[in-house]
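Two complexes, one shared chain (chain A), two partners (chain B, chain C).
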Partner chain A sequence: MSLAELICPAGTPAALRTAVDAGADAVYCGFQDATNARNFPGLNFTPEELEASVAYAHARGAKVLLALNTYPPAGKVDLWRQAADKGAQFGVDAFIVADMGVAEYIARTYPHIRLHLSVQAAASSPEAIRYYCENFGVKRVVLPRILTIPEIREIRKEIPCEIETFIFGNHGLMVEGRCSLTNYLTGQSTNLDGVCSPASDVEYIRHSDGSMSSKLGGFTIDSFGPEEKAGYPTICKGRYTVPHRTDGYYAFEEPISLNLARLLPDLIDAGVHAFKIEGRQRSKSYVRSVVSSFRNAVDDIRAGRTADIANLVALTEGQKQTQGAFATKKWR
Partner chain B sequence: MMTKLSLGPITYHWDEDQRRDFYARIADESPIDEVYLGEVICSKRSAFQHAQLPEIIERLERGGKTVILSSLAEVMLKRERKATSDLAELNSPEIEINNAAGLLARGHRPHRIGPFMNAYNEATIGFMATKGATHVCLPAELPGDAVAVAAKAARDLGLGVEVQVFGRASLAVSARCYHARAHGRTKDNCQFVCEEDPDGLPLTTQDGQPILRVNGIQTQSNSYLTLLPEIKALVAAGVSHMRLMPQRVDMVAVAREYRAVLDGTRSPQAAEEALGLLCQGTSFSNGFYYGKAGYRRIAQAARA
Partner chain C sequence: MPTDTITNTSRPRPVQPVLSHMACRAVQPLLSRVVKRIAKNHETMFNRLGAHQTTDFLIDPIEFPFALHLRPDPENLIFRAVPRDAAPVAGAVIRGRFKLLLELMDSEEDGDAAFFSRDLEITGDTEAVVRLRNALDDVDGSIAEEAADLFGAPGRAILRRLRLSYNATPKTGMQQ
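And now, the complex of A and B:
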């Protein structure tokens, strides 16, 4: 059986301490710049904060994984190299990377530090994963959220590295690392700037009939009746029309959360080494309840007990949830 | 060296006759130098293309065009993995790789790097060159200042450099088919409904603003990305190939406008006007190039 490590989000030093105290085996985090894919205002770490946080985690037996998982635009590669240099200096346990140039630099400069392949690299076949293992010595791949469990089981047999899968949180459905929807509407790039549907470009417009529109970059992403709760305007969770469907429909996906709590035993059995909880943008209290609940569930499963799944299912706080691509090919 | 005009792979599901007629005109009448063929978006469509490829390759080569075969952008299923490794075994024509699975299979043998490979910077391009890359197509969202740095680095390594200058930009790909979803189906029982939309399925906001185009698993810009006044700077930066993406318009006429601008026989402004007539009903955009929202069209006056 795999170790089933629990990999938890740390958007701030406080969230990092919370996740470590709640039982995270490892936390992942990033610097306050474009070098990571959650480059949001008020989030992430200064170099001093990261140094102190690594010490805090290591003193309690938890690992720190540094996300350098965006793509440097030509002429700005040094920012990513300097981030890697700092991470190495502070003793992070692994780098999470997507760009080949960044991966090559770290593999050459810090061969003793583990490289994890970010979901942003979109490696969804054994061959693609092996390419990164052979060229950069990648030790773990974070799989895109588009594979079924039988497919994950097959991939496991054909690759020389560990597998990490998302189990909870935002349900990304575009192939990550290949999406420039946000850049198209706002001028800020997910791949280059680490930005997705930025708050600075969001507007909520209340109409005279009480209805509400949520907009991104001036485009209406969704509309809500007076009684409906308005959601955040994420492009791939919006409602649009097509010529044969003039009522707005969720052209890509509903606003829905991924929750694989019920599939945990199957994922462990399929050979998944590590479970990733999404949500570096989430509050401390959210991190505390999600991490401790999953901690208990994973410990139960590892000890051969039946896990208290109901508790995990309740975590989405009334939001709709899905098992996405993991349960059935019909999702596609 | 003269800047070349290339034609990217057809991203849509055009039927056999449409493809045959399209490439016959490209072969006989267009000033295009290099043509990329092959199904890049959906492996379910590949079978239709495959049978017809030898005929189209022959026709294009007879017309003096260089043909390159492009690989799938998304590789996950068995048939996609096999198609990718089969393509990687070809010695001729040249191949363009769009997924790391193809890079593994190709090893150190020469190949081109496609626009889905995320070659955003000089470090990545330098690494790719050590693995046998001979040519790189930069991502459409890369701003002009970064394009200039990337192009110079690639040219210094002896690589060809390509930038998309016409057609809808690819904005996202997914495992899910949004064409099937729009018709209440899934990818496995899609019945090739994407064939109904040879220039993509238009998505419109609920207050009536056109926003995106759905093309199977791909999401594209609603606007045609159009770089014309920018071509001079691209050439100066070392971009060797200007890529036109096939749209449902008179592509021979479009190619002539670009060739004329490259040759200096037509002003970018005159060519833009001509394109406006050729592509009526579709907006143009160049925002990515200026580091602005991609859908925007930055006016000439604001560029200085």
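And now, the complex of A and C:
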């Protein structure tokens, strides 16, 4: 049986402490800049906060993984290098990277620190993953959420590193690592600036009938009826009218969250080493609920018991959940 | 800066203006004391607000006879009860049932989940709201209990009774 480590999100030091106390094996987090893919206002860690947080986690037997999982634009790579330097200085247990240049810098400068390949790198074939392992010493790959469990099992047989898969949270696939939809309306990039649908470009408007519209960069991208559950204001989950669908429909994806609670035994059996919970932008309440639920589930499975999985649907986007591509190639 | 310009069925319940003004006057001394203590105990919280330290937030518990005006500027902190008919033009409005707002402040509920369920309504400057949420979320412990502690055993008893009363009341959310 694989280790089935639980990798948990933290957007603030308080969330990191909450995750550790709730049973995280490792917590991933980032600095307050474009070096990570959750560069949201008021979120993330100062260097001083990261240093103290690493000490807190290590004192309790948990690891800290530093997300440096965006792509440095030309002329700005020093920001990523300095972030790696600080992370190494503070004793983080691994770096999560997407860009080859960042991976190369860390592999050369800090060969004793583990490198994990971010989902942002979109490495989904054994050949691509092996390339990262052989050239940068990558120890773990976070697989894109586009693979079935049988496909994961086959990949595992052909790669020399550990596998981490998402098990809960935001389900926004697109071309992972290279999504530029948000640039289209806001000029800000998910992969270069670390922010999808920047809050400064988002506006919610309530109408007299109780419905609500969400706008991004001045464009309406969805409208929810008075009783309808809402989702994030992202273009990929927007609802659009076209000549043959004048009622508006989700052209790309629906507001929905991934929840693989019932697939955990199959994932462990397929050789997945670590389970990732998405949600650095979420609250301590979310972290506490989701981490403790999955902690109990993983412990039950490892002990040979049937997992008692709490109902987490209230925390999902649009209050809907899916097993996505893990269960079937077509999940709409 | 965009503001909440549209009314709907989830608006706060109508209250006689005179009652609203009286309620504001009654609670104001308590609010001033509470906000000064919380600000003193959690000075670093303001860092996460960035430029939005000077944004005016209108926090609107829909079942209350008044709303709350917050300007989280550590140099000139404002937290006051305001009749809705005299509320300032706010940069951001946060609206929901009082218990939900209390639980969001203490990170007992998740803001995104409350937004998905439509129990929480935000309008105006979304970045300001996100920054406020993240600032509050980095506070360890319960702000509500800190506030109650200021008033000793009576304060704690009131908070306990308030929570019990909401727990005994079926949730009706915003759509009522």
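In this section, the second predicted complex is superposed on the first by the 309 of 332 C-alpha atoms of A that agree within 3 Å, B and C clash if a C-alpha of one lies under 4 Å from a C-alpha of the other, contacts with A are read in each partner's own complex, and residues count from 1 in each chain.
The working rule: a residue touches a chain if its C-beta (ideal position, glycine included) is under 8 Å from a C-beta of that chain, and two chains touch if they have at least 3 such contacts.
The model shown is predicted, which means the values in this text are computed figures rather than measured ones.
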(message) As a test of reading the superposition: which chain, chain B or chain C, is in touch with more residues of chain A?
(response) B
(request) Return first, second, both or neither, reflecting whether A:Glu227 touches chain B, chain C, both chains, or no partner chain. (result) second
(request) Look at A:Tyr56 in the shared chain and tell me whether it touches chain B only, chain C only, both, or neither; answer first, second, both or neither. (result) neither
(request) Pick one for A:Leu181: touches chain B only (first), chain C only (second), both, or neither. (result) first
(message) By the touch definition at the top of the document, which applies to A:Tyr110: first (chain B), second (chain C), both, or neither?
(response) neither
(request) Please work out whether A:Lys330 is in contact with chain B alone, chain C alone, both, or neither, and reply first, second, both or neither. (result) first
(request) Scan A:Leu147 for contacts with chain B and chain C and give back first, second, both or neither. (result) first
(message) From the superposed pair, tell me which chain A residues show up as contacts to chain B and also as contacts to chain C.
(response) none
(request) Give every residue of chain C touching chain A within the complex, in rising order. (result) 2, 4-10, 48-50, 103-104, 107-113, 115-118, 121-123, 125-127, 129-135, 137-140, 175
(request) Over in the complex, which chain A residues touch chain B? Could you list them? (result) 71-77, 98-102, 104-105, 121, 123-128, 130-132, 134-135, 144, 146-147, 151, 173-175, 177-181, 183-187, 189, 191-192, 213, 217, 219-223, 236, 238-245, 248-249, 251-253, 325, 329-332
(message) Using the touch definition from the top, list the residues of chain A that touch chain C in their complex.
(response) 11-15, 17, 40-43, 198-200, 202-212, 224, 226-232, 255, 281-286, 289, 314-319
(request) Provide the residue numbers of chain B that touch chain A in the complex, in ascending order. (result) 73-76, 80-81, 84-85, 99-101, 103-105, 116, 118, 120-128, 131, 139-143, 145-150, 153, 169, 171-178, 181-183, 186-188, 201-207, 209, 211-212, 214, 219, 221, 287-288, 291-296
